[in-house]
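Next up: some structures, all given as structure tokens.
Here come two complexes built around chain A, the first alongside chain B, the second alongside chain C.
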Partner chain A sequence: MLTELGDDAKILAGGQSLLPIMNLRLAEPAHLVDISRVGDLMGADEDTTSVTLGAAITHQAIEDGLVPDPCLGLLTTAAAGIGYRAIRCRGTVGGSLAHADSAAEWPTVLTAIGADVTVRSAQDERTVPLRGFFHGFFTTSLESDELITAVHLPRFAKSTRWALEKTNRKEGEFGESMAVAIVSEGSASIWLGAAKDVPVNLAHVETLLADHPADQVPALGEVRDRVAADLDLSVPELDLAQRHRLQIHAVTVHRALSRALSPEVPA
Partner chain B sequence: MSTVTVKVNVNGTPRTIEVESRTSLADLLRDRVRLTGTHLGCEQGVCGSCTVLMDGLPVRSCLTLAASCDGAEVVTVEGLDDADAHRLRQHFSTEGALQCGFCTSGMLVTGYELVRRRTEMDRDQVACALAGNICRCTGYNGIIRAVQKANDDGMAVDDLT
Partner chain C sequence: MRQEPRLRRNGVGARRPRHEDERHLHGRGKFVADLDLPGVQEVAFLRSQVAHGRLLAVTKPEGIDESRIWTAEDLAPFALPLTATSTLPGFRAAPLPNLAEGKVRYVGEPVALAMAGSRAEAEDLAALIDVDIEALPAAVHIENLTDPDSPRVHDEWPDNIFATTQGTVGDVDVAAAEAAVSITREYKLNRQAVVPLETRAVAAHYDRNIDQLVVWSSTQTPHMLRDMLAELLNIEGRRLRVIAPDMGGGFGAKCSIYPEEVALAAIALQVTHPVRWIEDRWEAMVATTQARDHAYRITAHASADGRLLGVEADIRVNAGAYSVHPWTATMDASMSAAMIPGPYLLENYRFTTHSLASNKAPLGPYRGVARPGACFAIERTIDDLAHELGLEPWEMRVRNMVTPDLMPFTSIARKVYDSGNYPEAVRRATQLMDHDEWRRRQADRPVSGRRRLGIGYASFTEQTAHGCIEWASRGLAITIGKEGARLVLDSTGAFTLYVGIKSHGQGLETTLGQVISEVFDIDPASVTVIHGDTALTPRGDGTFASRSMVMAGGASFGAASQLAEKVLAIGADLLKVDASTLSFTDGKVVGETGGISLSQLAREFLFTPDHVPNVDGGLEATYFYQPEVQTGAFTYATHAAVVEVDLDTGEVDLLDYGVVEDCGTVVNPLIVDGQIIGGVAQGLGSALLEELVYDDDGQPKSTSFLDYLLPGPVEVPELKIEHMETPSPYTVFGMKGAGEGGAIAPPAAVANAVTDALREFGALINETPVTPERVWQALQVADRERNDA
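For the complex of A and B:
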């Protein structure tokens, strides 16, 4: 059907991003294909090393623990932070990934986790790592006749510590910054959302952490310099508003590191 | 414009309604079932006035197509009439939790689902849970107090049915 209709058709999952822009008449697709109640997309499957979630599973199902969370509570926490309860009851994990808003929870969180998605067209099926799936603002490597059908999540080791920090003015809004830190023995995965068109890997911050004594949180200034490097920003050239945004990102990342590295407080 | 036939149970009454495919659940409820307690404020999912229960969970009826509701059970503010709903109404009244009433139906439906979860909640948690519903006149303190009291009552009597 998608091959036939091409750009005239949009896939409708929960509709919590598509319906607002349709109501604002910013999008007027001639055909909607509602997949929100396709049974095959709503199941969850698990084995000893991974969990597979159907793409049409809602944020609410994850928030309420109706599906397994192999990431020691990170999924549940991320889901509970998305919009408002009424949004979470319709919005889906696959829909959020296909929509590809870097300020949204799933693109950044699931990329940080190292999740893969299964992508299917009428002819073919492929598995794509989320690291590399997002190409730009609302743009992914999905072809126009393809659909995300499932998300595959690795199980965290028991000793893994994580933190998800979002900075926003009001509960339920998109974050002005969102940092995910996942720390397990000898390695760290640190990602930043809402900063660029796609989730950003904070490789310089990860290196900073590796060079730092374990359990010690680097100073905010150090973190800010590394975040600037990861965002390709030259601090002396930034105007005040840009410096303010950088500071928000740096503080958000610093909070995430503090929580993920703190031995007493559970993440 | 194509049409679809939707079978939907609204407040306990099964209905079969033919609508244009683009019709939202909110428009179906207001214009076709004539249940105008569900209010349309922003129509982009921000204000919360149009919140209704679909299969027991709150949804924005402005961001839900009627066609997606085939086979669903929908409860609007007019259909809330058990002990939890009664306690909510009582506390909204005594706490002065409404003035113009525009946001009230959304607040009640959101609050109702919240108290039905039977989770202990302090003021901040109630405030966060209501953050998706906007009130532009009374202010939020009375609303938060009313929902928190209804939640405390629900926890105490434990008459979840």
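For the complex of A and C:
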């Protein structure tokens, strides 16, 4: 069907992003292809090194632990932070990735984890790493005849420590900033959502951490300078409002680092 | 006509769950959208997408049935535009077009409408209408509206000023000369949307059988709507019936007369089918009347011992593009000027107000009407004065408040504060919050830490249930002030009460039943309360200005008292005793030797009137009520907020919130607490979250709940509420209104608490909502000023 209809069709999974946009008449697709009851997209599979989740698995299923979480609780925590319960009962992991809003949980969290997605068209199937999958606001490397069918998640080592921090003004809203820090055996993966059109890898912050004594959290000022560098921002040129946005990102990252590096097990 | 409550089991003061909840909780409510109207055509409005522009042409699409699309030109012969003028000198009225003509003046202004079998099809059709608008620069921000080069919203005006008012009492200059400390502050309350759960909704049908135009509207003011529709459609009132069915709130947004109501009513007379329009949420965010958008410059003078010597206020209100009926574009400014003196003994006061036109949606009433702004202006100032003088802010309040021995007290703005103990409310609030404990915890916070504690108070008087003279003093052409009630005892001995007000969430079906119970000692749930239908109810102005319990309660009590007299006379005739020996107990008329049930009595009287020869016919009474003093019954309160502020982000966590209030005699404690909780929730929205952001072109940027943040259960802490109960000497039972107070003080209390938390840095919080960005910026600015100094 997607091959036949091309851009005139939109895939409808949970409808928690697409339907509001259609209500506002910002999107007016001629056809909707409802995949929310395709059984093949709702299964979960695991082996010793990874877990595969069907794309139509809901946030609620992940939140409630109905499918395996190979990331030591990061997935369930991320799922629980998405919108409100009613939204989580319908919204799907694949739908969120295809929608590609960098302020949403899954694009940033799953990119930080280093997950891949399986993408299928009528003719073909390919595996795409999420790092590189997101091209911009609501745009991905998906072709119009392609559908995300599954997400592959690597298993965290037992010693891996992680933190997910989201700063928002109201419970259940999109984050104004969202930082994921995953620290394991001297290496760190730190990603920031809601800052740009795609999740941003905070390479400068990762370097800062590598150069820093283990288990010690760098000062907020240092983190802010590195985040600015990762976001290509020149601090002296920012106005007060822009400086505050940078500050929010820096504090969010700093909180994530503090949690990931603290001696207690992350919540 | 003051009556002490008689302490009936289920009467005034009873803690009864709301009768109306049952139908709503079971999904049996019936709203305009639920009406089953065979053949109805659903309407979609085409609205301006630009804030200011010349409307060059509106062209209907080719090949479409023309009667399904209406333009200003089509509608003009059948409906006049609404002109909400004021008697204030120099007021410039701007007629509110039903569909825009010549110019569009705000994003969301209706330009044309289309109708079809469903809303979606009507929207498709509306999208085919071609609108040619030449965009003009827009007058948007309150700071710029009186600039000489500002675009003019109304071409024929010399500037953007609806009206200017001024007043002086005492001599502020003498006060300034005597003062030990004088401060000047600028405050701003940004614009808000009013967000009832149910958006606006209108349906209309011309019943040719009885020559009656029936208009259903989700309106707080059905009688007022009927009056205005008759005038604007130029038809006699007898041909018009307005029905307000169940409503999902209004909060003031549904008590102005709207173009959509006029347009649908006019069109219904011209077509053979019903028409209906259900506002969608985007429309509600741009085309329903909005609120706040005030700017203040306050100069205040105090003596060394903390007495408030004088206040000077410059008040600016961005009232939007048009003046709305009946409130006019000066409603906020006139209310604010009168309420800035607040609960204080102030002898010297000078004010200027400017009500300004802009390319934003018209400003209308919203819970609190201008009082959140006035309260913010005076209460933030009191705190800063106290800080300058080294006093606890609560103590500064206590020292300056009107004391009980002065009651009734005529304020400097000529309002009669009828009763109460204002300083006691402040003292109790400090106890309720455990003030000293918070001060200790505050002092214990390490200076090196990045989070600070603050506690803040805000006190106010809440004018409720004001009468004709009050509205006239504020320039309204229509001086609202009386409410009617009709009570009928039927042949089964059951009561039906008909009232002119409209209960749309206030629980009046319950509380008015309690008033009837107070007289007849019956189960309040056995009283059917009919409201919101002009064909059934006696005249009344509607539900707004915290007036319905006092006004309709007074009218219901009057009708019940008259009917009671008659019932006792009938009882006396039937029981062959003197009426003065009879009273009501548990649904019966009882005397020393015997009694008769109301059902027996009604049957006797109505079926066999010859058995009761000495009493005139009719088992009903109608009564119209107004309180004795027309500047209203004054509720008052002190609110207190405890916050924790993150210095790195500017985030504010609300740790605790308390209210000590006095709304006179409480008719139903559950409902009063509900009003306070709901009001505080909305006030916290004003304080921390809600803001309609407009860009320089007048485009509203926060028109969905993605950007316009409303408080939810997580954002509102469990409130501490304490009641004082000083009956008003001027109203039935001593009741005062309680609808708005909750929403008045939270912006001031929260801003005072945040400022208190940041005193060591000298950062002042002078603008709402208190967003993390504003707090953080205030810290940066204070930091820069300290470094410069």
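Going forward, the second predicted complex is superposed on the first by the 265 of 267 C-alpha atoms of A that agree within 3 Å, B and C clash if a C-alpha of one lies under 4 Å from a C-alpha of the other, contacts with A are read in each partner's own complex, and residues count from 1 in each chain.
By definition in this document, contacts are C-beta pairs under 8 Å (C-beta built on N, C-alpha and C of every residue); 3 or more make two chains touch, one makes a residue touch a chain.
Computed from a predicted model, the values in this text were never measured in an experiment.
Of the two partner chains placed by superposition, only chain C is touched by A:251; chain B is not.
Of the two partner chains placed by superposition, only chain B is touched by A:12; chain C is not. Applying the stated contact rule after C-alpha superposition, one finds that A:87 touches chain B and leaves chain C untouched.
Once the two complexes are laid over each other on the shared chain, residue contacts for A:137 go to neither chain B nor chain C. When the shared chain is aligned, chain B and chain C each come close enough to touch A:172.
Look at A:241: by the touch rule set out above, it reaches chain C but stays clear of chain B. Of the two partner chains placed by the overlay, chain B and chain C both lie in contact with A:24. Using the contact criterion defined above for the overlaid structures, shared-chain residue A:220 touches chain C, although it does not reach chain B. Judged by the touch definition given at the top, the superposed model places A:60 against chain B, while chain C stays out of reach.
Chain A residues 24, 170-172 lie at the interface with chain B in one structure and with chain C in the other. Touching chain A in their complex are the following residues of chain B: 21, 24, 43-45, 48, 51, 54, 57-60, 62-65, 67-68, 110, 113-114, 127-129, 131-133.
Taken in their complex, chain A has these residues touching chain C: 24-25, 167, 169-174, 220, 240-241, 243-244, 247-248, 251.
Those residues of chain A that touch chain B in the complex are listed here as 12, 15-16, 19-20, 23-24, 32, 34, 36-37, 60, 83-87, 89-90, 170-172. Chain C meets chain A in the complex at residues 123, 282, 646, 648-651, 689, 704, 706, 709, 711-712, 714-715, 771-773, 776-777, 780.
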